[in-house]
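Okay, so subunit A shows up in both of these, paired with subunit B first and subunit C after.
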Partner chain A sequence: MEVTYKVHREDSQNGGESSFSTYQVDLPEDATVLDGLQKIRDEQDDTLAFRASCCQGTCGECAVRINYKAQFTCTTRIADVTKKGPEILCAPVRNIPVIKDLVFDMDRFTWDKMAAMKPWMEPDDEFAPTENLVPESEMAEVRKTMTCYQCGLCDEGCAVLPVDFDFLGPGAMVKGYRFVMDPRETGPRQEERLAVVEQPKGLWDCVHCYEANGKCARGLEPSSKIMEMRDVSFKHGIKNEKVARHHNSFINSVKQTGWLDERKLVMETEGLTNIGGLMKLLPTAVRAMTRGKMPGRHEKRPGADQIKRIIEKAEESK
Partner chain B sequence: MPEYDVLVIGGGAAGLRASIAAKRAGASVALLSKVHPLRTNSALSPGGVNAPLGSDDSAQKFADDIMNAGDGLCNPEAVNALAAEAAGEVVWLERVGVPFNRDGDGRIDRRALGSGSVERAAYADDRTGHMVLHVLHEQFQRYDIPCFKEWFVTSLIQDAGACTGAVALDHRSGRIETFSAGAVILATGGFIQAYRPCTAAVGTTGDGLALGYDLGVGLADMEMVQFHPTVYSAGRTALISEAALSAGARLVNAAGDTVVDAAGLSRAQLAAAVDKAGRNGGGPVSLDLRPVENVASRFPGAAEVVRLMAGLDITQVPVPVRPVAHRAMGGLDTNASGETSVAGLFAVGECAHSGVHGAGRMPGNTLTEAVVFGKRVGEAAAAHAQSAGTRSTSTDQAARDGERLAAITSGGSSGDTLGTIHRELGDVMHANLGVTRTDAGLAEAQETIRGLRDRHGKLRVGNKSRIFNYALTSHLELGNMLKLAEAVALAARGRNESRGAHQRSDSPERDDTSWKAHTVVHQQDGAPKLDRKAVSA
Partner chain C sequence: MKYAFYPGCVAKGGCPELYTAAVKVAEKLDIELEEMADVACTGAGCMPTQLSDPINARTFAKAEQMGLPIMTICSTCQGVFSQANHRLQDTDYREEINREYLAEEGLSYQGTTEVKHMLWVLFEDLGVEKLKSLIQRPLDGLKVSPFYGCFLRRPGPIMVPTKEVGGRRGYLEDLTRLLGAENVDISGKTKCCGFPVLTANEESSLGMVAKHAGESKQNGADCMVTPCPLCHLNLDGNQPRAESLKGEKINLPIVHLPQLLGLALGFDADEMQLGKHIVSTKAVNDKVDMLT
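Now for the complex of A and B:
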């Protein structure tokens, strides 16, 4: 069948503006998007750059935005993306600097962030003569998480990365999860791991939009994994000091008055001795005050004692 | 110029393991890989990693089985090393994170790969290669080893007979760089992309074999090419682990009757039987996985890849299969420590021929080979580098490589294309150097390959950039494959007997008088020359 490829072109090294090239390609009905790109490079335009490796949906190398949806070129059939018309739009995945055409900067996008997870085990008994004894049910969970390709599709959907590129992103978080939840990493090892996951720009910077859940080609639900790790972190005691202060202030406020006192929350989160941080908040506080957004004081609300008992009960069962 | 004790070329399982071992042995190490390590062909190895972990098993039994499968061409020293060190390596893999499936006692579970074989393969569902690769990459990062990824090696450097480094092109910057090293390890994988269809990733183009061959290292047993018997292949390819057969899957015809009983067959015999059944007029052979209990959860990788590539549901319908080129057993001639005939040059993994597989590799031994020999060769290379004297690594060769690349990118369209030549090569390799061969077919293949080499020599790339110029690197890769294909055809034609993966319908018997020997192809004045070498006792 005759299809039209419209492909993003960019050559960042030469400072060129991005543009699109259009190619007419004749392909078999069951061809993949990758088949077409390869045919274009072979027969029409050998300057076209795109990545591919396994060609069978196993390695995660060929993620591209095809008709506005990020997916693998090697497993996407042209028939499935030309139902509304013969044009196939190929563009780099979002949230990421392009190097050339469909080749983007995986170092900054994924690899460096994965490395920030310190993604390796260093067991004391590394050279023990026999394996760890682990129930299959627990190992099966780790295996499922480890099917992660590290392809970046989840990061592509992330709502935080466009405004803060230094956020580690859901992909790196899944890598962290793989260790946090591994029954072979317990005690101090797990505590160290949680501290790594909770680094600034890490676990607590997710805005839980849950977009990543719908993006994973292996159904790993990265957003849910971030939330699960937060639960683990609560249970172990939050390692990130600022988040811990925020958490404690929140709980104490609700416990004492039944309300969330946002004035205290903001100041206690920043740290009452952190003069520089508090000064930065001053203009916001002034604006809030002049617009009547800041109440004089929070009276204890009716039923506050009951709320306090609920919280205490929850804390006991932690 | 970057200088290291040990330079590892190739980022798959063997290269990562070798890097870690060399670093642990105290060497300074860097790894060069044309793709990111997690995108290498090792990720595609589904079935398992063999190790004699069971109480009913032993290193001796394992070694005996390998020797048996190798059909007379194994090097016992390499086999014994593999069998003796496999358990330790697999336990180490578990300790550092591979989530192997467990038995009822929480120990590493084992299964048979292929019907009738011993339960010896430790496995992580049917994604063992993926899991092992990812964990090795984790450990590689732990040791903080510099990784030059998406660098394409254009040549090795030789000084006073010894290999002292390599020249490589950085895809990202377009820069050509000279790397100086006390020892170089080639871990670049096989050359199965010379076949069409094949089960390998696109980068499996034999680059390391060609680099070593150009330096004068012999290519041993190149005719021994293993076909995988249970591969869906119709435009796209999806490999299903043979573990499915031992778990109860059946090879059936269109009517659903069993056409091949896999019990007790070696992989070569099984491939031949499936190939023959497919030609018998009973319609295509299919793998019926429905008899396998909990097939979707036990073989999630197969379920996924068949759904993606074939659009079929393994729990509902049989999957058409045929034997497809899968794994080269021939490679750069090395000893059991990975040393080649060139001082300072080592090889490991699929690009190497240590004699550990002989004429027939046991399923599940690719990953075992990668880790056991990766460690051995990494340590041997570190020791070599530390004992080697001062070396000289000239940058002249980088300049020559630059000119060579400029010559390749000096042209426009001639009507011919890399894709066309690659397809024609793949077709002749499949047809004439496939499961069964004949002298006439091999002669024809030699002729065709010569013609393709001529055409390739004239072909130029229009893209003059060096930045992510995949047309340029494809040109180099295709040149490598053609060079190796010539050696495969020569060796296959020379070995006029049938043994292991090399089956000749015109010489159907095994001939121990003439051919209990390795074929070795050397390059002489740009042409391949065939010799034979005695099998070690």
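Now for the complex of A and C:
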């Protein structure tokens, strides 16, 4: 079948502007998008740069945005992406610096961030006298995350990376999860692991939009993993001071009155002795007051005593 | 049609106009609401699940006692409720929560409570035909950017669990068209508004406000519509700060879902309390006034 490839071209190292090149390619019905790219490079344009390795969907090397959806070129059939027309648009996955054409900078994108997770076990100084047996129930989810392709599809859909490229991103945090949750590193070791993922631009910079859950080619649910680590961090005590004040104020408010006291939350999050921080809130407060949006007196809700009882009991069991 | 009405904290606090608009609109649509007064905040993703699941189970048990499904008007409440309700379908987990937390009050959640955002109620319970029949002022010429935010769309298997409700991915655009307005698409309509990260990284949060509102304005929208008051707090309330950060004026009015609906049902801007917004809605008011 005759298809038209419209491929993103860019040579950032040589300062070139980005553009698109168009190629007509004749391919068998069962060809993949990767087959087409290879045919273009073999027969029409040997300057076209793209990545591929295993050619069977198990390495994650060939992630490309095909017709606006990031997927692997080696497992995406042209018949499936040309149902609405014969054009196949290939662009680099988003949120990542491009080196050339469809090849992106994996170092800056994810390797550096994954390396920051200290992705290795740190055994005790002395060897244990026996095997370190761990129950399957504690290891199952951890082992799943070990199957991560490190392809970057989860980061591709991230809502934070387009506005803050230094954010760790879901990919690196899945790597962090693999060590935070490993049952062989508990107690102070887990604390140290948490401190790594709780670094600035880490765990608490995630907006928990669950975009990454739908992107992962391995079904690892990166967003859910991030939320699980937040629950663990809560048990140990949140390390980011401002976030800790925010969470404590939130929980206390619901515990004392049944619902959220927004005014108190905003002030306690800044810190009641942080005059500079509180002053920064003034313009927003004045605007809200002028428009009649400032929340009124915060009354205790009916049922608040039961709500308090439940939260206190749940806190005891944390 | 009757619901246990769960307005959420923000509609009773920082966005009082949402509560007023939702109640007025529901009455006009013959949706009877019985407000749940004695239940807790959902936890809004800010409380760990070990604390929020028991209090949300209590809310669901209360709705079961009322014999009513719950209607929310906040995507964040809806998202947290849907995820909690999903976990509480596990019988062992539910029984543990009943035993440990609810039994003392004589409550027990059986797992039957359905929780629906108002946007879903319009399409799945009220129906398009009924809605059409109640429109008194089609919003011809009004250009609206739908903005879902995160929680009505994801996690997909929980928020859009079956093909039958697959339309949830497009209800906001469908509604805007149904009301006679024109959709102005933006690339980030299902992305985060930035509100959840306002505490940890203000710059990142305000960057998202500038990105979404700026793109909408650039694409020619008169306003943006959102089903989530937390999105509203950031996109409207923090728009002036986002403008300062980026050094450019955006000035895009952000309206709550029931407000847009209310305007098409014949309510005026004052009745929908559009004057309570931080970003002036004058551009919207002027266009709507011309329609009457």
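In this text, the second predicted complex is superposed on the first by the 294 of 318 C-alpha atoms of A that agree within 3 Å, B and C clash if a C-alpha of one lies under 4 Å from a C-alpha of the other, contacts with A are read in each partner's own complex, and residues count from 1 in each chain.
By our rule, contacts are C-beta pairs under 8 Å (C-beta built on N, C-alpha and C of every residue); 3 or more make two chains touch, one makes a residue touch a chain.
Predicted, not measured: the structure shown is a model, and the values here were computed from it.
Of the two partner chains placed by the overlay, neither subunit B nor subunit C lies in contact with A:L89. Look at A:D46: by the touch rule set out above, it reaches subunit B but stays clear of subunit C.
Contacts of A:P119 after superposition: subunit B is touched, whereas subunit C is not reached. With both structures placed on the common chain, the touch criterion links A:P135 to subunit B but leaves subunit C unconnected. Looking at the shared chain after the overlay, A:T75 reaches subunit B, while subunit C stays out of its contact range.
Of the two partner chains placed around the shared chain by superposition, neither subunit B nor subunit C is touched by A:L278. Looking at the shared chain after the overlay, A:V196 reaches neither subunit B nor subunit C.
Touch criterion met: A:W111 reaches subunit B, while subunit C stays clear of it.
Residue contacts after overlaying the shared chain place A:A31 against subunit B, while subunit C stays out of touching range. The intersection of subunit A residues touching subunit B with those touching subunit C, taken from the two complexes, is empty. Against subunit B, in their complex, subunit A makes its touches with residues 11, 13, 28, 30-32, 38-39, 41-43, 46-47, 49-61, 75, 99-101, 103, 106, 111, 115, 119-123, 125-136, 139-140, 142-143, 146-147, 149-150, 182, 184. Subunit A contributes residues 159-160, 162-164, 167, 201, 204-211, 213-214, 221, 223-224, 227, 230-231, 234-235, 240, 242-243, 246-247, 250-251, 253-254, 258-260, 262, 269, 283-284, 287-288, 291-293, 295, 301-303, 306-307, 309-311, 313-315, 317-318 to its touches with subunit C in the complex. By the touch criterion stated above, subunit B contacts subunit A in their complex at residues 35-36, 38-41, 43-44, 88, 91-92, 94-97, 99-109, 124-125, 127, 130-131, 134, 138-139, 141-142, 172-174, 201-203, 235-239, 300-301, 304-305, 308-309, 417-420, 461-463, 465, 467-471.
For subunit C in complex with subunit A, the residues that touch the partner chain are 9-10, 12-17, 37-41, 43-51, 54-55, 58, 100-102, 104-105, 150, 154-156, 188, 191-192, 194-197, 199-201, 203-204, 207-208, 211, 237-238, 240-241, 275-278.
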